[in-house]
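Shared chain: chain A. Partners: chain B in the first complex, chain C in the second.
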Partner chain A sequence: MADLEIRGLTKVFPGGVRALDELSLHIEDGEFFALLGPSGCGKTTLLRSIAGLETPNSGKILIGGRDVTRLPPGARDLAMVFQDYALYPHMTVADNIAYPLKVRGVGRKERRDTAESVGRSLQIQGAMLDRRPGQLSGGQQQRVALARSIAYRPHVFLFDEPLSNLDARLRLEARTFLKQLQRDLGVTTVYVTHDQAEALALADRMAVMEQGRIRQLDTPSNCFLRPANIFVAGFIGSTPMNLLPATVQDGGLDVAGRKLLIPDAIRAQAKVGDAVILGARPEYVSVSATELPDSLGGIVRVLENLGVDSLVTVEVGDLLVKATVPEERVPAVGDQVWLQPAQGRLLVYRQDDGEQVGAPPVAPIEAPALAPQAG
Partner chain B sequence: MDLDRPIPASAPIRQPSESALVVRRLLSRIGFYLFVVIVGAYFALPMVWLVFAPFDAHPTLTAAPPSAFTLGNFPDLLKDPYALPSLVNSVILAVATMVLVVAAAAPAAYALSRVRIPGRDLLLYVLLLFSSVVTGTAAMVPLFLLVFDLGLINTQVGVVLVLAGGLIPAGIFILKDFVDSMPKSYEESARVFGASSFQILRDIVLPYARPGLAVIAVWVVVNVWSNFLIPFILLRDPGQLPAAVVVYNFYTEGGQANLRLLSSFGLLYSIPVVAMYLFVNRRYGFRFYGGIKG
Partner chain C sequence: MSPRGAELPAPPRGASTPAEASAAALSTRGAVAFLTPALLLIGVFLIFPALWTLYLGITDYRLTGIQAAQPQVIGLDNYTAALGDPAFANSLWVTVLYVLGSAVIGQLGLGFALAWMFRRWQGPARNALEVLVIVAWIVPSSVVAFLWIAFLDTHNGTLNAALGNANIPWLFSWPLLSIIVFNTWRGTAFSMLLCGGALNTLPPSHLETARLAGASSWQQLRDIVLPSIRGHLLTNLLLISLWTFNDFTPYLITAGGPNFATDTLPVYIFRNALVNFQLGYGAAISAILLVINLGIALIYLRVLRARN
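For the complex of A and B:
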C-alpha cells in the first residue's frame, strides 16, 4: 500500500501538444481518486505517465515515497486495467489472470491456485476459468481484467475508463461492484473517466482536468455543489447547469432585466457594475406559478420528462433558463412562471476568467497545483 | 403475406417489362456460369492430367482417364538415381529456408511495427524492392560471385541463404501487418506486469501472430519448392539438386519429354505441397489477412 505523489509533471508530445502542464497532485494511501475531464484534457496521459507507459518531459512521480519517474512500468508495483481490458485472446481465463505470476516465474500449480482463489472472489469460477476471453460477456471480461490486476498484488491500481465498454445497466452494477472491491482491498486507486456521474459515484476525491491542468481538486460533493469555475460548473451534473450573464447592481444582480438577490457570501467582493456569470443547477431552481419578489419571470417553452422530475426550459428575456419540477407541479408550455434559485445554491463567477467570485479568492488555473505537500 | 397484395394489383401494367427482366437475368446468369466453367476448366485440366497421366502406360498430353491403367510408372521412376533424393533435397531446402525466414522475420516485424524510427516505411519498401531483385535473374551473376567467394557454391547452405535473403523482406512486410493489428494495450499491460521484451514476444506477440507465421511458413515453402533458377545455378552436384531442377532430367536428349516419368514425378512433386496446405489450413484456418491470402 502506498500513497502517490505527482510533482510538477509536464508532458509535451512531439508536435507541441501540451498534454500535462506543471501538474502536481497528492493521492492518499488507500484513496479512490478519479481523474475527470473531456477527451484530450490529459487525464489518460497522466495515468499512462504514472504507469510508466509515457515518459514525462519534467517533473517527478513518487509511489510510497519512492521516486519511480525513471523506472520501467514493471518496477513500479502497479496494475492497470485498460479500456479494452487487454485480455490475451490465445490464453484461457485462468492463464490470463495468472499471467503476472508467470512473468515472475511462479510455477504452474501455484498460478492455477491463485487464478482460482482470485477468480472466486470475483465470481469467475468453474468452467469459466478454462474458456477464452472471446467466449465471455463484456462484464465477465471486465472482471477477468480486474482479477488479473488483483493477482499481481500491486500498491496502486490504475483504471483507464474500465466501464466505458459496458452497456448502461451493466455499468451501474459494475460501478457498485468496483467501489465495494476497492474498499475491501484498500489499494490506492487512480480512475480515469470522462463520465462525471461515474467520478461522482466512485471517488473519494477527484480532479477535474482541462488542457493538462487541474481545474478543481476536491471531494465529489464539493465539485458538484461548489464548482470552482465555469468549466467545472458546466462539466459536472447530468443536467447542464444554467450559466447566465448578469451585472452586479446596488443590492442585487441584474439578469436579463430582472433582479435577483446577491448571495451574502459574495456581497463584500462584488462591486457595482461588475460583469458576472451566475451558475444555478436546474435542480436548485424552484418554479412558481405565482409572482415572487426577486425572481426571474418568463414563459415556459420546452418540457422534458426525466422520469421523477421534468426539465422545464423557460424563456427569460433573451435567456433560456432550465429548472426541474416534481411530477405533480409540471406547468404547461406557454405558461408564465417565476424562477428562483435556492438559497445558498446560487454561484457567481467572474466573467473575465470564469473563476468564482467570493469565498476562496484563489489565483486562476494553478489553484490546486503546487499547494499541497510540495516539500 | 399481406405485403404481397399490392403487387398483383400493379402487375398487369408491369407485366411485359418484368418478363423481359426475368429473361435478361436468366441470360446473365447463364453467361456468368459459362464464364466460370471456362475459367475453371482452364485451371482444372492440367490437374486432371496430373491425376490420370501417371497411371497411364502410354500417356499423351490429353487429359483423359488412363487408356491402359498401370502402376508401373512409379517403380520406373524410382530407378532414376536422382528422383527420390531430389524430393528429399527439396524438403531440406524448403524447411531450412522456412525456419530461417520465420526466425528472422518475426522479431524484425515486431521491432519495425513497434519502434518508431525515422524512415521506417521507406526502409521496408526499399528492402521489399531489392528482395525481388535479389532472387530475380538480374542479380544472378553477382549472386553467383558472392556465393562463390563465400565458398558456398555447390552447398545447400548457399542456396538457403540466397533464397532466405530474397524472402525475408516480404515476410517482414506480411508479418508486420499482423503485428500492427494487435492492440498496443496487450503489450502495455504485460509491460506493467513486468514482462521483458522477450517475454512479450514469446508469450503474447508470437501466439497472437501465429496465423501470420503459418501463412509465412507455407508461402516460403511453396516458393522454395518451386524455385528452379537459384539451385540450378548454385548447385553442381546432381545428387544435391532439388525436385524443381531434377524434373528437367525427364527429357530425352532430343528435347522430347518422357511423359510417363514426368507425370509420375509431377504427382509426387505436388503431393507434399497440397498436403501441407491442407494440414495448415485445418490447423490454423487461412483467412484473408491484410489483403494477403495464404
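For the complex of A and C:
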C-alpha cells in the first residue's frame, strides 16, 4: 500500500492546451480520492499522468515515496479501470482477469486459481469464467475489469469513469459495491468522474478541478456545504445552487430590492457597498405562504416534481430563485410566496474573483497559453 | 364509396388482398427487370468464358493447324499431360515460392511491420509516408517493370551503382528473389494501409491496460494486437495471395527466365496457350489454377471461422 504525491505537475499538450497547471496534491495511503470536474478540466490527464500514459512537462509524481515520474506504466505498480472496461474480446473471462499475471510470468495453474478466487469475491464464478466478455452484461463486464485490476495486488487503483457505461439503476448498485470493495482492500484509489453525485457518494476526499487547477480540495460534505468559490458552488449539487447578485448594506444584504440578514460569520469582513454573490442551495431555502421579515417575496412561476419534494422557481424582482418544498406544502403557480435561506447555510462570494468573502484573494485563471512553455 | 368501406366483406385472415398480390407480382417483375442487365453482363463476360475454358480444357484446340478449325474432344488428356509435365511442376513450385515470399512474408509481414511502427505518426509526416507507398501501388505495371529493369541492370543499374559498380547480374543470378522483392515493394502499400486501418480499430485502452500490467511491446503484439485484428489479417492474406498467384507482372521483367526460374503458373499458361498455340492445354492449366485458388480461399475461410 502506498500514498500518492503530486508536486507541481504541469502538462501542456501540443497545440498549447494547458491541461495541468502547477498542480500539487497529496493522497493518503488507503484513501478513496475523487477527481471531479467538467470535461476538459484536466482530471483525466492527471489520472493518465499518474498511470504513466501521459508524460508531464514538469513536476513530480511519487508513489509510496518513490519517484515514478520517469518510470514506464508497467513499473509503477498500479492498476487502471477504463470507462470501456478494456476487456480482451478474444480471451475468456478467467484469462482476462489473470492476464496481468501472465505478463509477469505466473504459471497457468496459479493464474487459474487467482482468477477463481478473485472472481468469487466479485460474484464472477462457475461457467462465467469460461465465457467471453461479449457474452456478459455491462455490470458483469465491469466486475471482470475490477477483478483484473485486483488480481495482481497493485499499490494504487486508478478509475477512469468506470460506472459511466452502466444504466442508472445498476450504477447505484455498482457504486455501493465499489465503495465496500475499496474499504475491504484498503488500496489507495484515485477516481475520476464528471458526476458530482458519484464523487460525493464515494470519496473520502475530493478535488474539484477547473482548467488544470484544483478549485477546492476537501471532504465531500465540505465541498457540498461550504463550496470555496462560485465554480464549485455551481458544479456540486444535483439541483443547481441559487447564485444571486447582491449588495452589502448597513446591517443586511440587498437582493433585487429585498433585504436579507447578513450571516454572522462574514459580518466583520463585508463592507457596506461591496458587490457580492449569494449562494443558497434550493434544499436550504424555505418557502412560506405568509410574509416573513428579512425574506425574498416573489411569485411562483414553475413547479417541477422531484419525487419526494418539488422544485419551485420563484420570480423575485428580476431574479429567478429556486427552492425545494416537501410534497404536502407545494404552492400553486402564480402564488405569492416568501423565501428565506436557512440559518448558517447562506454563502457569500466576492463578485470580482468568485471566492468566499473572508478568503484570501487568489490569482485569476489565465486564458490557456497558446504556446507550450518550457518546463 | 361508403365511408371506410363498411359494406365490403373483410378479407380472410392470412390471405393477401388482390392489391397486395399484384404489388408482390410487380415487385418481383421489377426486381427481375433491374437484375437482368447485370446478370447478362456477368453471364457474357464471366460465366460463359469460365465454362468455355472448361470446355476448351478437354479439347485439343490450337491457334493454328487443323485443330484450330476442327478441335476434337480428347477427355482428360490435357490434365494428365500437365500433371506429368516437369515444367508444370516447376511452375507450380515457383509460384508457391513467389506467393509465400512476396505476399505472405513480404507484403503482409512488411506491411504490418510498417503499420505497427508508424501507428503513432500523425499529420503531414504520415500523409507523406502513405503517398510514398501508394505511389508504388498505383503506377502502371509496364512503367514499374521498366523501372525495376533499370534498377537491377547488371552494368548500368541503380542498385549496382549504389553498391559501387558491383556489376552483379541480379536478374540472372537471383531471378526469383528479384521478382519477390519487386512484388513486395509493389504490393506492401495495400497491406500497410489495411493493417493500419485494423490497428486503428483497436481501442487505446486495450493496449494501455496491458502496458499498466507491465506487458512488453512483444507481449502486447502477441497477446492483444494480433488476436484482435486476426480477421483483418486473414482477409488481407486471402486477397494478396490470390492476386499474387494470378500475377503476370513478373513476365514483364524476366519473361519467365532465365531457364524457367521465374516461370510462374500464369506465365506458363501464357507460354503454352499463346506462344506455343496450345489453347486447349492452356485452358486445362487455367482450370487447375482456378481449383488452386478455390482451395486457398477455402483454407482461409476455414481458419477464419475457427476463431469462433
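Assume the second predicted complex is superposed on the first by the 358 of 375 C-alpha atoms of A that agree within 3 Å, B and C clash if a C-alpha of one lies under 4 Å from a C-alpha of the other, contacts with A are read in each partner's own complex, and residues count from 1 in each chain.
As a working rule, a residue touches a chain if its C-beta (ideal position, glycine included) is under 8 Å from a C-beta of that chain, and two chains touch if they have at least 3 such contacts.
Just so it is clear, the structure is predicted and the values come from calculations on it, not from any experiment.
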{"item": "Chain B versus chain C as contact partner of A:P73, first or second or both or neither", "value": "both"}
{"item": "First (chain B), second (chain C), both or neither touched by A:G186", "value": "neither"}
{"item": "First (chain B), second (chain C), both or neither touched by A:Y99", "value": "both"}
{"item": "First, second, both or neither for A:F82, with chain B first and chain C second", "value": "both"}
{"item": "Intersection of chain A interface sets (partners chain B, chain C)", "value": "51-53, 72-76, 78-80, 82-84, 86, 88-91, 99-100, 102-104, 148, 152"}
{"item": "Complex contact set, residues of chain C against chain A", "value": "203, 205-206, 208-215, 219, 223-224, 227-228, 230, 307"}
{"item": "Chain A to chain C touching residues, read off their complex", "value": "51-53, 72-76, 78-80, 82-86, 88-91, 99-100, 102-104, 148, 152"}
{"item": "Parts of chain A lying in touch with chain B, wherever the complex brings them together", "value": "51-53, 72-76, 78-80, 82-84, 86, 88-91, 99-100, 102-104, 148, 152, 158"}
{"item": "Chain A-touching residues of chain B, taken from the complex the two chains share", "value": "183, 185-186, 188-195, 199, 203-204, 207-208, 210"}
